Amino acid sequence: MKKKVYEFINEDSWFQKFIYTLIILNVLSLILASYKEIFGMYKVFFELFELFSVIVFSIEYVLRLWTADLHFEKGTSFSKRIKFSVSTYGLIDLISILPFYLPLFFPFDLRVLRILRLFRLLRIFKLGRLSKSLQTIMSVLKDSRSELSLTLFVAFILLILSSTLMFYVENDAQPDKFENIGQSLWWSVATLTTVGYGDIYPITPLGKLLSSAIAIIGIGVLALPTGIISSAFINRLEMDKKSEKECECPNCGTKF
Amino acid sequence: MKKKVYEFINEDSWFQKFIYTLIILNVLSLILASYKEIFGMYKVFFELFELFSVIVFSIEYVLRLWTADLHFEKGTSFSKRIKFSVSTYGLIDLISILPFYLPLFFPFDLRVLRILRLFRLLRIFKLGRLSKSLQTIMSVLKDSRSELSLTLFVAFILLILSSTLMFYVENDAQPDKFENIGQSLWWSVATLTTVGYGDIYPITPLGKLLSSAIAIIGIGVLALPTGIISSAFINRLEMDKKSEKECECPNCGTKF
Amino acid sequence: MKKKVYEFINEDSWFQKFIYTLIILNVLSLILASYKEIFGMYKVFFELFELFSVIVFSIEYVLRLWTADLHFEKGTSFSKRIKFSVSTYGLIDLISILPFYLPLFFPFDLRVLRILRLFRLLRIFKLGRLSKSLQTIMSVLKDSRSELSLTLFVAFILLILSSTLMFYVENDAQPDKFENIGQSLWWSVATLTTVGYGDIYPITPLGKLLSSAIAIIGIGVLALPTGIISSAFINRLEMDKKSEKECECPNCGTKF
Amino acid sequence: MKKKVYEFINEDSWFQKFIYTLIILNVLSLILASYKEIFGMYKVFFELFELFSVIVFSIEYVLRLWTADLHFEKGTSFSKRIKFSVSTYGLIDLISILPFYLPLFFPFDLRVLRILRLFRLLRIFKLGRLSKSLQTIMSVLKDSRSELSLTLFVAFILLILSSTLMFYVENDAQPDKFENIGQSLWWSVATLTTVGYGDIYPITPLGKLLSSAIAIIGIGVLALPTGIISSAFINRLEMDKKSEKECECPNCGTKF
């Protein structure tokens, strides 16, 4: 019977579709509840829906914990359950329902409660177990991890350099905007990502000149992560297609 | 005679060029009519031009409906005409002239009339039947449909995550700007697409830090659709070129 | 002697370097003259420099016209000179010195004079004849002309569609900003190129939703020209490198 | 013993990790010291930390100078030390500690002292000697130097052209914003890099039309450096991977 339950929650059944829909509804509910007028009118409904979601997700968690010995190959029945508990999805499953249970056992002040409630947002990552395409993206990101961390490091150095220079150049003219290098870093990020909100920008001729040089040269460097993710992703998609086609040597018929 | 009409409206004749020009003029007229001074002065002209356009497009629609049995291969004469009526271009042809005919039969209030008039904008898609290059682009978009919908889904998750976090972080400091997650989503879109109008942006140190991280990491993810469309398009253009060249094996002369 | 002059002005001599430097100085002078204080103080110098430049460029033009029969292969001596006069560089050479000569023969009002003076800016394109790398870029742009014009056409349709929709959605809420589709087009360009000055943006919920969808979907389409130019350019650079390397068949030694 | 010292400072020892950490802490200290409140409270700490850092970096510099004859292959002991002193890293090592020593020997006014102190920022480049991945990026940038300088030149011409045109178009309507071509250049950079702070933008219809055309066409050209750096970088990463795999001819077993 345990095997049947395991297959039921892991294979493409109506249970998966139900969980999938429930996650989407949870996200929608989180968004709608942020509208004060809506939350005020339908407070009871939001709370009932949260209660229902937690019950479902709790049952799902217990079932997954129970069938964990079928999920992993090696180890004792107990060690497999620990293995599930500390796996990424195991933790996500647990933490995303904790904001409901914790306040029942421990008295929290409002500030902590509010942060706790944010953990419900983790439910969105539960989609990762259900959606195959999300798994692809995550594995692509994992593959290009070393390149990404390298370019993020370079981008970080560039941000530090440009913000420090701009702080020294603009601080005299705009002591309130370029107050410290922290503010200057905010300018650097807005400029190098080309977002440019317009809340902070250089006004001195030297500052504008420096900012122009930083923008033209720096955008290329900050574009690297974008390029790497894009190319890694496209590469993966092409590899999936290629694996179907094979080249046949015209001489001896060997495939290569 | 029906065959002659069918060829006349579907082959590269002066009729196609006339329809093509008329569509462009319709778009121009729609733009010019939005200028109140211009519309006030030439109101009669705009209405006469609309009348003329609707007559031409109506004749075109009737002719296409009449010759539909030459356009499709299978089915009875009647089923072919139904087939045309519910095809994409058949619907575009019909809906883009409806705003003229409907008010003659049904009394609408002004609000509905205004929305109805927007359907005239669909005439721009009639260009798709005439321009071969537009057909290429649409088929490219169709080819990379699955990749596009996947990345749009990921972008959507990213937008939800970042906007919910920013709402919790900035709501206290800017209750009027980050009023609800809807407002926060507007900020997310403006930031992750790097448009950055500057009407809404974080002001707290934590908000700026979070926003910086979101901008640097997230832009890469939202750039994926761009990369996919670009690569799909360039791929298509290269394939068109390659199809002309063939590699000859240097050993046995076999082409492969 | 004519052949010597032809080689002198077309080969890598001090004359070319002199012309190159003079063009750069002309651009700098144009920029500096736009500063009222600087122009007021050194007005005589700017006019003397312009006089000197026009004399040099005029001599260059006369020499090129004189040696045009050595530049082209076919045709009579006279037809070759006409050929040069109507060539791109021949026209640039002529038009960029015309703002000096025309007012001597025809009385112009100030408005026309000012536009005429702008033609001096064309001198910057004279660099194209001297710099080999600029020629490469121009030929790359020529190669991908058809793809570029196609995507520009698609971008144009997208701009029209989005601006018309936004005009109908935002016109009631912001009659002064989204006054007509012209204003709305300005918003579309600022949004789809992700410049986002922040002088015009949607404020209604429907407008923000529509704008978000347009931004996310549309940026991909408008990024196409970028992608095409980039790929064409990189392709050219790679082809230049490849032409040196050749693959040798491991079986029979034939190169392919 | 000299050899042991040389190996100690150049091989993967705790000394390298210590220097690495010290550089990061120096950057953090520079950022924190820009916060007036923090600097006011912990002034003594910042000065002691700077003293400590300078002592360590000075010892490192002396050791590197002393062991320079083991680092280079050719030349006399003295010429090798000169070679190190004028090498990039030798100069960075020296200049980044100079702001401490120079004021001890020469009396400087405050303005010069402030600029001198900026040289401490150069310490961040000392990371380049320690981090292999930073060396990769720098060599990639060196490889595509010619393409980069070419596209920067083209971007420069585009900036000049667009800013001069916009100056003539917008100067009458906004004499304070588009005051001179310098201001206009600032607009060009903000527009073509798509940063768009919103402090300066066209308001006349002609200016908006011109600006739209410049934005759509120009962004492609300014995106070239980005594309080149990206492709060069990805190319390098792929080459590193490829060097491990080799193709075997299916016929005769020859690798190629």
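Labels A, B, C and D are assigned to the chains in the order they are written; within every chain, residues are numbered from 1.
As a working rule, contacts are C-beta pairs under 8 Å (C-beta built on N, C-alpha and C of every residue); 3 or more make two chains touch, one makes a residue touch a chain.
These are the chains along with the protein names UniProt gives them: A, B, C, D = Ion transporter.
Note that the coordinates shown come from a computational prediction; the quantities given were computed from them, not determined experimentally.
Engineer: Tell me whether chain B (Ion transporter) and chain C (Ion transporter), two copies of the same sequence, contact each other through the same residue numbers or different ones, using over half shared as the line for same.
Structural biologist: On the two sides of the chain C (Ion transporter) and chain B (Ion transporter) interface, the residue numbers are mostly different, under half being shared.
Engineer: What's the chain with its C-alpha centre farthest out from chain D (Ion transporter)?
Structural biologist: B
Engineer: What whole-number Å value describes the gap between the mean CA coordinates of chain B (Ion transporter) and chain D (Ion transporter)?
Structural biologist: Averaging C-alpha atoms per chain gives centres 43 Å apart.
Engineer: Averaging over Cα atoms per chain, report the distance between chain A (Ion transporter) and chain D (Ion transporter) in Å.
Structural biologist: The separation of the two C-alpha centroids amounts to 30 Å.
Engineer: Got the chain B (Ion transporter) residues that touch at least 2 other chains?
Structural biologist: 182, 185, 190, 194-198, 226, 228, 231, 251
Engineer: Quick check: in the complex, which residue numbers of chain C (Ion transporter) touch chain B (Ion transporter)?
Structural biologist: Within the complex, chain C (Ion transporter) touches chain B (Ion transporter) at residues 147, 150-151, 153-154, 157, 160-161, 164-165, 167-168, 179-182, 184-185, 190-191, 194-198, 201, 205, 208, 211-212, 215-217, 219-221, 223-224, 226-228, 231, 249, 251-252, 254, 256.
Engineer: Within the complex, which stretch of chain A (Ion transporter) touches chain C (Ion transporter)?
Structural biologist: It is residues 194, 196-198, 251 of chain A (Ion transporter) that touch chain C (Ion transporter).
Engineer: Show me the residue ranges of chain B (Ion transporter) that touch chain C (Ion transporter) in the complex, using the header's touch definition.
Structural biologist: 27, 30-31, 34-36, 114-115, 118, 121, 124, 127, 131, 133-134, 136-137, 152, 155, 182, 185-186, 189-190, 193-199, 222, 225-226, 228-231, 233-234, 237, 247-248, 250-251
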